[in-house]
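Mind having a look at this structure? Questions to follow.
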Amino acid sequence: MIRVTVWYEYLQEAEKIPEEFLPAGISEEKKAEMQQGQARSAAAIKAVYPKGVMGTVAEHLSGCQDMEVTSVNLYMPECGLPDELLERTDVLIWWGHVAHDKVPDELVGKIRERVLKGMGFIPLHSAHPSKPMQALLGTSGSLKWREDDFCRVWNINPTHPIAQGIPESFELPGEEMYGEPFGIPKPDDIVFLGWFRGGEVFRSGCTWTRGYGKIFYFQPGHETSPSYHNPLVLKILENAVRWAAPGIWCEDLGCPHAEKAPESGR
Amino acid sequence: MIRVTVWYEYLQEAEKIPEEFLPAGISEEKKAEMQQGQARSAAAIKAVYPKGVMGTVAEHLSGCQDMEVTSVNLYMPECGLPDELLERTDVLIWWGHVAHDKVPDELVGKIRERVLKGMGFIPLHSAHPSKPMQALLGTSGSLKWREDDFCRVWNINPTHPIAQGIPESFELPGEEMYGEPFGIPKPDDIVFLGWFRGGEVFRSGCTWTRGYGKIFYFQPGHETSPSYHNPLVLKILENAVRWAAPGIWCEDLGCPHAEKAPESGR
Amino acid sequence: MIRVTVWYEYLQEAEKIPEEFLPAGISEEKKAEMQQGQARSAAAIKAVYPKGVMGTVAEHLSGCQDMEVTSVNLYMPECGLPDELLERTDVLIWWGHVAHDKVPDELVGKIRERVLKGMGFIPLHSAHPSKPMQALLGTSGSLKWREDDFCRVWNINPTHPIAQGIPESFELPGEEMYGEPFGIPKPDDIVFLGWFRGGEVFRSGCTWTRGYGKIFYFQPGHETSPSYHNPLVLKILENAVRWAAPGIWCEDLGCPHAEKAPESGR
Amino acid sequence: MIRVTVWYEYLQEAEKIPEEFLPAGISEEKKAEMQQGQARSAAAIKAVYPKGVMGTVAEHLSGCQDMEVTSVNLYMPECGLPDELLERTDVLIWWGHVAHDKVPDELVGKIRERVLKGMGFIPLHSAHPSKPMQALLGTSGSLKWREDDFCRVWNINPTHPIAQGIPESFELPGEEMYGEPFGIPKPDDIVFLGWFRGGEVFRSGCTWTRGYGKIFYFQPGHETSPSYHNPLVLKILENAVRWAAPGIWCEDLGCPHAEKAPESGR
């Protein structure tokens, strides 16, 4: 059983901004205006994802017989990832967008350590500059973007486990454009390349290894685009979870003293 | 002119531990004992490196007509790396060992950002688990170690710029053994492999790219081993500085909005 | 001085098909028909490239002070590459299309050996399934294609030597589409990605290392597209020649007997 | 069921050199001398491998419930690999040493094509400069060698499928030394590094992908060393067969004309 934790930022989907997230000392009028904007944002997302952006993904994965899914978000205690949950997570899916800085450095350090020990990590879409992805890859995740484009995803690595069951290309109308240059280290494998009607290209599906952990970044997934309803996108995420699931765990990230040389008994 | 900054931890070489580095509330007796240990450590290093571990390296690089060298250490104000120095550094050499945690996270963030913008970064020997190397590579830098072994360095990438002028192999008696498995991401290039008489092997010279910046890690350089007097080691570091020197700089690590699609005027 | 040899297939540009290239035993009528087709093909190319497809490239490189260019083609004795020329070639540019099978295996073996010893190799456009490229990469070079599309080349590796002086993207109207999946081994570096208006993407500029030799494949360059008049394409080829020029040569591709172990004198 | 074909050169193990392999026009005396040398070579191998060098490997793999093994050698009709066998081979193991040039180019071409379509390929030990390995990797396979050394194999990639069940290191006394530099393209993954008591290191276990096919080269396996009796070596080969077994096959290595642009119906 693969224990999948789906972490979601939630902020854009919440009907109300929590008091503590509001800027200090603003007027009641300004506050009301912000809450109205928030309500509109939440409604726009709900129109596309009645069960929430990640709700759709979590539901699909829950339907996989080999997966056990826990859904959490930033608004929950300990930002949704208390130690005891992290320590029983095999694969962590991460969707964040406007509140990357709300994730505490301490939690980021724990996520990084757990990946190095073997946990799979799947940052999605706007998680490209999220703290855990930066901490693991070492780069900025910088890119170009533009809303409302048409994306054709090309499968350029047909033998990769994540590409199984995926045709040579498929289309995602109404997706956000992410364009090169993309600020990432050289991937172990590029599985998908994205073509955008507006004229850009993107390394849309990339893998890396960090310690014992496997990482897969996948570009589609704007909060008001229906990409997570696309069966091929869901199949890719399902494949990615299985691919990233740890086979063995690293016991210790330290630097042991090799007191006795292998040749000492020679 | 390549502006090289050689950063050195200094702690093991200092004749006295500064008051603020001593554990709080210890007895005068304990304090004296610690200072005696420190003096012995300093003397042992001075015996091998009268000009300091990095002093020897800095002197060699200063002799290169295309390099301008600044030597700094952790004991200096702002840990030796004030913004104005970092901002005129093309290549940063980093030697740390026992005080990695004394380097403030904020400084680590600035180093990381400068590398992503183009600065070369050359962590040496015991810098394998240093904060800047971890922040850029995303891994632990874990390895096995044992003092007082014999190392033969093999040049397995003879066309790499860093290997120019280096023979097929060379020997470093009395070097510290660092052994696999080494907790690093897949290197762009492995330039050197280390053979240790005790029975271990190591990826001793590895390169990575992060953003616009180039990184080279090199294994030899224990504080009481004379490796930095070896002309081939010095040649490797000299080559590495030239290889890592930035050609162009990245202006912006952000994510620009590509408002106008390239195809919009079609 | 970099000694560049520009090898060109020539077949489509020749005004007449040489007798020995005509199928045996065809009627005079058929022969005349073929020669008329040939004349049309030659005229179409001449309209775009009065100096020949590779003539334009050779002229540009000849204008570089550090390059010495020799232009040859398949119709010349020894297919244009006698041993004495190959042995004084530092970088070989290769443009072939419809006569890959006319290049003798023996010559392919010599080219392969020279690359392993250090010669740079730059196969262009329709050379993707050419014998030398297959012999060096081990793959088929398979791809999709369609004439008359619009190509936007994206520079995704701005610090690579081949990308110096090249903007983030540039456009090539009227280029042949080459689309993924592209049958190549994982490149050392992907420098350029191609976007085609028809909907495809392509790894348009890729590098590999084989032995001491460097290889760069570049996609644009259909015989009736004016891409080789584009100053950015010419700049890329110029950069590629300098990047691929050998620093050192491998003396021997054999397997020496290491009679005396390095440790034998221990 | 994975259909494994174990190809063995056999020449050093045959009790007699076949007439057609003897140099033309030699004296009866010389002939007798050569046959005596051959008999000694065969006896030396038989002493270590009563069932033949590859016999031991084939026997182990035959004991795996998911594998079906066919053993062939160069002395058989069509060099042991008639089309109908090649076409039902999922993974081809290849051990050759002194008769690489006896393998016809046409057969090499067929092996290469089958690998590009998906067949796994596992060249062992002295197959480093074999024709199929050269045709797939594009390099010479050059290395240093010396008989009768002691090898310690280090597992530097513990999460790789081929390393499952293999400890951090293990020892092979009496193995042939193969030393760097090794003339291979950058591997996708380095799984094992070899340490030799004589002073050399080697990239002993490397993987590559070519088309749809996976390749694993493994260094140990000299014909008079008992390495193939070592349970860890057998486990590695067993793992490698499973790893290299094709999931999907490529139907066509050609370059299809994409007549209709994906965007044409826009």
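A, B, C and D are the chain letters, set down in written order, and residue numbers restart from 1 in every chain.
Everything below uses one rule, namely that contacts are C-beta pairs under 8 Å (C-beta built on N, C-alpha and C of every residue); 3 or more make two chains touch, one makes a residue touch a chain.
Please read these numbers as outputs of a predicted model, since none were measured by experiment.
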| item | value |
| --- | --- |
| Same-site or different-site touching of chain B by its copy chain C, using the half cut | same |
| More contacts between chains, A-D or B-D | B-D |
| Centre-of-Cα separation between chain B and chain A, whole angstrom | 32 |
| Separation of chain A from chain D, taking each centre as the mean of its C-alpha atoms, in whole Å | 40 |
| Per-residue multi-chain contacts in chain A, two or more chains | 152, 158, 179, 186, 197, 199-200, 209, 262-263 |
| Chain contact topology (line, ring, star, complete or other) | complete |
| Chain A residues within the chain B interface of the complex | 105, 112, 116, 128-129, 135-146, 149, 177, 179, 183, 185-186, 188, 196-200, 208-211, 252-259, 261-264 |
| Residues of chain C that touch chain A when the two form their complex | 152, 154-158, 168-169, 179-182, 186, 189-190, 193-195, 199-201, 203 |
| Touching residues (chain side chain D, partner chain A) in the complex | 118, 152, 158-159, 161, 164, 169, 171, 197, 209, 212, 246-248, 250, 262-263 |
